[in-house]
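In the two complexes below, chain A is the common chain; its partner is chain B in one and chain C in the other.
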Partner chain A sequence: MDIETDLVVIGGGMAGLVAGSVAAEAGLDVVLLRKGHGATAQSSGAIDIIGYVPGATAYLMNPVEGLHALSAMCPFHPYSALGRSQEGVPSDPGRVVSRVHSSVQWLKDKSSGSCGALKGDLEENIQAVSLLGTSKPTCLIQETMWNDTPPSHDSVILFAGLRGLPDFNPSSAVKAFMANRPYGEEGPRKAVSCILDVSSSGKPFNLSQIEIAQFVDHDAGLSALANSIGGQVLKTGADYVAVPPILGVERARENRRQLEEMTGATVFELTAFPPSVPGLRLQTSLEAVFRKADGRLLAGHEATEVRQAGDLVQVIAARAPRRTIEIRSTAVVLASGKFLAGGLVGDERGVRESLMGLPIVDSDLIPTGDSRPQRLTGVIPLSPEGHPLFGVGLAFDSSFHPVAADGSPIAQNLFAAGSVLAGYNYAVEKSGLGVALATGFAAGANAAAYVKGVQ
Partner chain B sequence: MTDYDVIVIGGGSTGTAVARDCALRGLKTLLLERDDIASATVGTCAGMISSGFKYYDEPDIMDMCSQEVVYFRRIARHIIMKDPILMPFSELEELTRGGEASSFTDEYAKRAKERGVPPVMFLSPEQSLSIEPSLNPDMAACLYYEEYFIDPFRLCLLQAIDAKQHGATIKTYCEVTGIEATKPAKRVTFYNRATRQVECADGKLIVNAGGPWAGKVAAMAGAPLDLRLNKGAHVILDRRIVNVGISSKAADGRWIYLYPHENTTLLGTTALDTWEDPDVIVASHDEIEYLLKSMEWVVPSIRQARIIRTMEGVRPLVPEWKRSEDKVTRGYRIIDHEKDGVDGLISFTGGKLVMCRHMAEAVTNLVSKKLGRETVCRTHLDSLPGNGADVDVLALAAEYGLSQHAVERLRARRGTETSAVLALTKEHPEWKSTICTCEPVIEAELRYAIRNEFPQTIGDLRRRVRLGTGPCQGTFCTFKAAAVLAEELDLSGEQYQLEMIDFLAERWKGKRPPMRGGQLGQEELTQGLYACVANLDHTDLPYELKPWEEAA
Partner chain C sequence: MSEEEAYRTVSATLEQERIIPFKTDELEVVRSAEKCVNCGLCLNHCPVVRAVGVDRFSGPRSIAVELSRSPPDFWSTADKVYLCTSCGTCREVCPFNVNMPDIVNMVRARIFKQRPDLVPRGLRAVRETIAKYSLAFEPWEDPNEKTESRDARLQAAGLPFIKDRTVKGAEVLFYPGCQAEERAQEVKEAAKFILNYFGVDFTLLEEMSCCGLPSRLIGDDETSRSLAARLREKVNLLGVKKIVTTCAGCTSNLSDMSVRDNWGVPVYHLIEFLAEEIGLERLSEAFTEGSRAGEVLTTIHDPCHLIRHTSRQISDHVIAVLNLIPNVTVVPSGVADSCCGGGGMVGYHSRDVADAVVAYNLGPISATKANRLVAPCPLCTAQIERNLFNTGSDIQVDDLAVFIAQRLPQER
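Entry: the complex of A and B
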């Protein structure tokens, strides 16, 4: 055996890193295997708790209300499982809210002061405006995206693009923004756009958000950006400046403060598509939390096999570019993500969990492993109902053990968290990082309790 | 007073070829297309401008096809490419049965030199495998031949643009709803989808190039027209997974193929009689599995390839019934409805992409005769736009600091126009940014296409520049292209958002039927962008259901 440990976490996104950190903080020896980046690093970095009750068209002003509704209406939702103290009892909404609240509070505390520092409150959804000028309800956003006072009726908001950054077209975004009015009727009546000239290399095309953000982390980049924004603020009279998330990778918060001082306007970041800087900041800050708790992160390591004896999983084999290792562990958390990260795979015969072939169910707990993926999709690509395909995953119990068809745990020491779980469609609900956080938090704590119990 | 000498209905390969020929001969021409140029059957075809090799039992047709290939090489060489093709046989006697081999190899050899291809060769398994290692080594021999492929979208568009440059009026998004065969003029009523107005135009003659809808169009004038509608599916793989084309027998003994095509590979095709509305048809699971299963015998690794989408088209065949589809003539018929008492309406049945110029020549001869005009056909002599001197891709790439691949792809669509597109970046260097990374397509080409090629939607841009046709199927270009389109056409905020939703819906039509493998993660990403972050799944925009969505 190459490594012996208390807990192996498979997956290094939000769910795996939170589970691993919580367990390590509880005193466990934790090894985390991460094949690569999953959805967490690709995300916009805004942490959705719950934006829409499944199928609803009106968004939730208050996530707490949403958690209550889910607890009553969607018994198989991962959030609802948090409300059960044992199997077979109804989900207690108060318990759901308090457990989600603890995980949110934990994350806010842990990331405070870091590049991924968060603002927001479980009792209120905010509208995060995207690069397209659309918006979505979300709960926690990074400090550089946050406005203490949102733009009001008299504000002038300037959408500032960067020459050579094709991700963002401010003039089209302004049109959508004015059509959508994400800040409501009280929101700004005037939105304008401009293009800033800020290039690190002098190359005026094919710039990425990340290369600009890295440039802004240097003094030269920051002052170029400040001059450019400052000029436009004078010209347009803007008091809010919406920029793509390029305010920095490591120094974003400090950069923002300086920019605001230098330009006299409120400068904030829009949410963006991958590869987005806030997604990277979130991933980096979660990894820092895990390392700080003395967790061991084995990047580039893909779990290839989990060996089980009786009702316990025991050995995890993993492959890295230049070696293969075997790890004996007292417990395992599976947080391998959905299709994008490779936790689930599918072909014309059906959908499978990729590592152990665990049973797959849909949001109603109906076994769907043998359903052709196409059958789990609807004819319209984007709708509030979403595609059932993205609600499939592992069946699990209230301790976040993956379970067999009869509801019994696959193994006493195997837990699962995050988007590998069935029961919710994060894209339409707006609940992705929130579910990963809350279930990772719960699975990590349960794994720690289990390990301590057997030691 | 009539507005036009000829009104052409339909902007597929046939209709655009007819409009071009009429315009080149000085006839006052109007083309009405219900959707975009090349938006129907022709856009779902393999783009093979075949030497007619497969039609050896119709020597006249084979002859015509190989002559047409010679013309295409003259008028449109910038948008065609040549692919070697291997046809593996498991038993040698298959090759010689009934003297088939000798008759088609002879026919093929006829214009081989003019077409720039070697005569048919027979290769040993070793020779074949050295060309294409993914072949099943269990074979007796391979037949080797070479065929040309054309970008069907560009061909139609260039024919339309050439017609326009010669005085024709091209109206897209204008659906013909009525034909009144009054005398002397015929009145065509159409609904303009852009202006949402009903308009009409008078013409001396009407050419019905409605493809699979030709029967419906003829019926508007009260003329009968029988067609044998036959649908065909393609499965599209994410890259050129084979070096050369492969042709082989399917589960039921029909011929199917695997052709490297642009940056993808096409696996096709099926042939099933259909009575369904061509607008609602998508590939079925059976069609997809039939193609995969059949190709698996000769390319055993085929299922490891990533399937990005399917496409389904309807062939408007000549109405020969009670025989299998492959026994129906590949030729075309011109029907002068004068015989049905509807004077001034002429329809097509049958035909192929490769024959579109020939079909146009024949019908324009008839049109001229009926109009009493002496005209001379020039469509086989005069270049299509962009067909000119060689383009020095390497020099342009160096001059503009762009990748050679990007410039070569640009050249393959635009020929001599390439320099004009790149010149836009002198004033706007930021337009060198890649908007569609799969293909790739730079912003300057999008702007150029929007300004010069009358697209109205992102889907129209896809047909003009192959935007969104690669492995990500529009995930990373839809929003960028929509913004550019909104800027250039001054779309409203609502229209801009609807453009994205519409294009994603159109891509989804083809992505959904074969959903599996790597495309599941890709789709999670697409949902992540457009639903999770952009929230376009929760909008109150006035989205209009697409025909296939309504039918489901």
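Entry: the complex of A and C
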């Protein structure tokens, strides 16, 4: 045996890193296997808890209300499982809210001061503005996207693009931003756009967000950006400057503070499409939390086999590019993600859990059998109902054990968290990272309790 | 026309159309390129993109989606594809683990065959050296001078000389790699000393020859395969059961060759061999006896060929072994796993790019206030040492083998 440990976590996104950190903080030896980055690194870096109740077209102002509604409407939702003290009882919404709240508070505390530091509260959804000028409800955003005071009616907001950066068209963002403002809601008096000249290579073409962000982490880049923004602020009288998320990677928060000091305006980042710089910052800060808790992260290691004896999983085989290892572990958290990360695979034979071949169900807990993924999609590409395909995954109990068809755990020491779970459609609910956070938090704590119980 | 005839007709025109069919062992690489979803996550992590921007080096995504899919016009990619340091960061972060380093090698192999004139001049010079001597570095003209240089290096490192030996049927082949054989001789000597100290039944090659990695990176696939085959023959003749090397590139390349061509002999980096085969307990005892060197605050550089091409576990081994040594304190730099810029043969033709890549490491290394940097790879050691020196830093850079050997007892 190459490694012996208390807990192996399979998957290095939000769910896996949170589960691993929580268990490591509880005193466990934790080894986390990660084959590559998944949806967390690809995300906008904002953390959605719950934006829409399934089927609804109006967004939720308050995620707490959404959690209450979910626990009444969707008994199989992972959030609802948090509200059950044991199997077979109805979900207690107060318990759901309190457990989600604990996980949110934990994450805010742990990431505080890091490049992925978060702002926001469970009691209120934020309308985060995107590169398109549209907005979406989300719960926590990074400090560099946050405004303490939203634009008032006499303010001017400037959408600033960068010459050579094709990802952002500020003038069309202004149009969408103004067109999408609800009638009667307070907003800026005026929205204008400009193009800044800031280039790490000195060339005004073929730039990517990451290289500008890395450039801004250096003094030369920061002062170039400050001068450029400062000039436009003088010209337009802008109070707010919205930029793509390029304020830096490691030093983003400090850069923003300095920019605001130098330009006199409030400078904030818009949310961007995957894979964004804030997604990188989120991933980096989660990994830092895990390492700080003394977790051992084996990047580039793909779990290839989990061997089970009786009702316990015991050995996990993993493959690095040129080595294979075997790990004996007291417990396992499966946080291997969905289709992007490869936790689930869909092809002409149906949808499968890729590592152990665990049974797959849909959001209503109906086994999907061998249904091809196409059978699980609707005819309308974008609809409030979404596609059932994104709700499929593992069936699980209130302790987050994956379960067999009769509801019994697959193994006493196997837990699951994040998007490998069935029962929630993150794409339409806007709940992806929130479910990953809350279930990772719960599964990590449950695994720690299990390991301490048997020791 | 029968199917057989059609096949013959088409394959006869391949050369004329300048299409090189894929070898069986390349097919997996081709399929891997097909898995790319064009997300661009790799761009956030590529150290060359960070150093020179996407305009100079278009990055892994562009190689996967554009540059690798244009036969027979691979030549049009020559201004980009030689700037990859083959660090493997993109493969490690990719949601689908698209095998970028090998895709790059495959594209370079096709340019090498179709448009050798586009192979950077610096690489053609290395190729000539390899063709002439079967070594990546020009060997010493005078064997006596080589011995003198070795002795001077041993003296500087404060290590005793362990006689070279070639023993048929030995347990372990110690394979120093071209750099430790011809240039960084102290690394070879340190490893011999360490193996000898622990009573390992080891042998050297009768005549050193390259593992084939540089040729592979240049795109000279034929030479790479023939060097690997030649080495395999020597390994078979010696009848060894394990291969141990001090070079990160040799570790990953030989591990790959050993599996690809069924050598049946496992390959270890020295640090893996120490941690896994000698064991931390024996190491700890030895270090306790040998603790005569002064206090050292050291930071670490992890070579890409070990952590990303072989296994991340190796960096844990390095820390575990260093932590056993009395008077040695390890300080993390936070950039231990970022590329030194010297890989992928980039340093041989685009020194500016290689140095721009290593620049990212230098600040954080200096900020650790360490007085030593150790790296388990002679190439990384040389690249970082030169660049640290140029910034006026007085941090001493040591190959890990030398650092360890200096802390073992010399008399038993």
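What we mean here is this: the second predicted complex is superposed on the first by the 450 of 455 C-alpha atoms of A that agree within 3 Å, B and C clash if a C-alpha of one lies under 4 Å from a C-alpha of the other, contacts with A are read in each partner's own complex, and residues count from 1 in each chain.
In this section, contacts are C-beta pairs under 8 Å (C-beta built on N, C-alpha and C of every residue); 3 or more make two chains touch, one makes a residue touch a chain.
Since this is a predicted model, take the numbers as computed values, not measurements.
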| message | Both complexes share chain A, so when I overlay them there, do chain B and chain C fit or clash? | response | clash
| said: One more residue to check, A:R163. First (chain B), second (chain C), both or neither? | reply: first
| message | Contacts for A:G342 in the overlay, against chain B (first) and chain C (second): which applies, first, second, both or neither? | response | both
| query | In the superposed arrangement, which partner chain does A:V277 touch: chain B (first), chain C (second), both, or neither? | reply | second
| query | For A:K136, is the partner it touches chain B (first), chain C (second), both, or none of the two (neither)? | reply | first
| task | Tell me which partner A:A309 touches in the superposition: chain B (first), chain C (second), both or neither. | result | neither
| query | Which holds for A:T377: it touches chain B only (first), chain C only (second), both, or neither? | reply | first
| query | Can A:N206 be said to touch chain B (first), chain C (second), both, or neither? | reply | both
| task | Could you tell me which stretches of chain A are touched by chain B in one complex and by chain C in the other? | result | 42, 205-207, 274, 340-342
| Any idea which chain A residues touch chain C in the complex? | 2, 35-38, 41-42, 200-201, 203, 205-208, 210-211, 214, 274-275, 277, 279-280, 296-302, 320-323, 325, 340-342
| task | Would you mind writing out the residues of chain B in touch with chain A in their complex? | result | 285, 288-289, 303, 425, 429-435, 443, 476, 479-480, 482-484, 486-487, 491-494, 496-497, 500-501, 504-505, 507-508, 512-517, 520-521, 523-540, 545, 548-549, 552
| said: Taking the touch rule as given, give the residues of chain A at its contact with chain B in the complex, in rising order. | reply: 39, 42-44, 46, 48, 52, 57, 59, 130-136, 163-167, 169, 171-180, 204-207, 271-274, 338-342, 344-348, 351, 372-374, 377, 379-384, 386-387, 389-390, 426-428, 430, 432
| query | Where on chain C is chain A touching in the complex? | reply | 39-41, 43-45, 49-50, 52-56, 59, 88, 91-97, 251-252, 255-256, 259, 307-313, 316
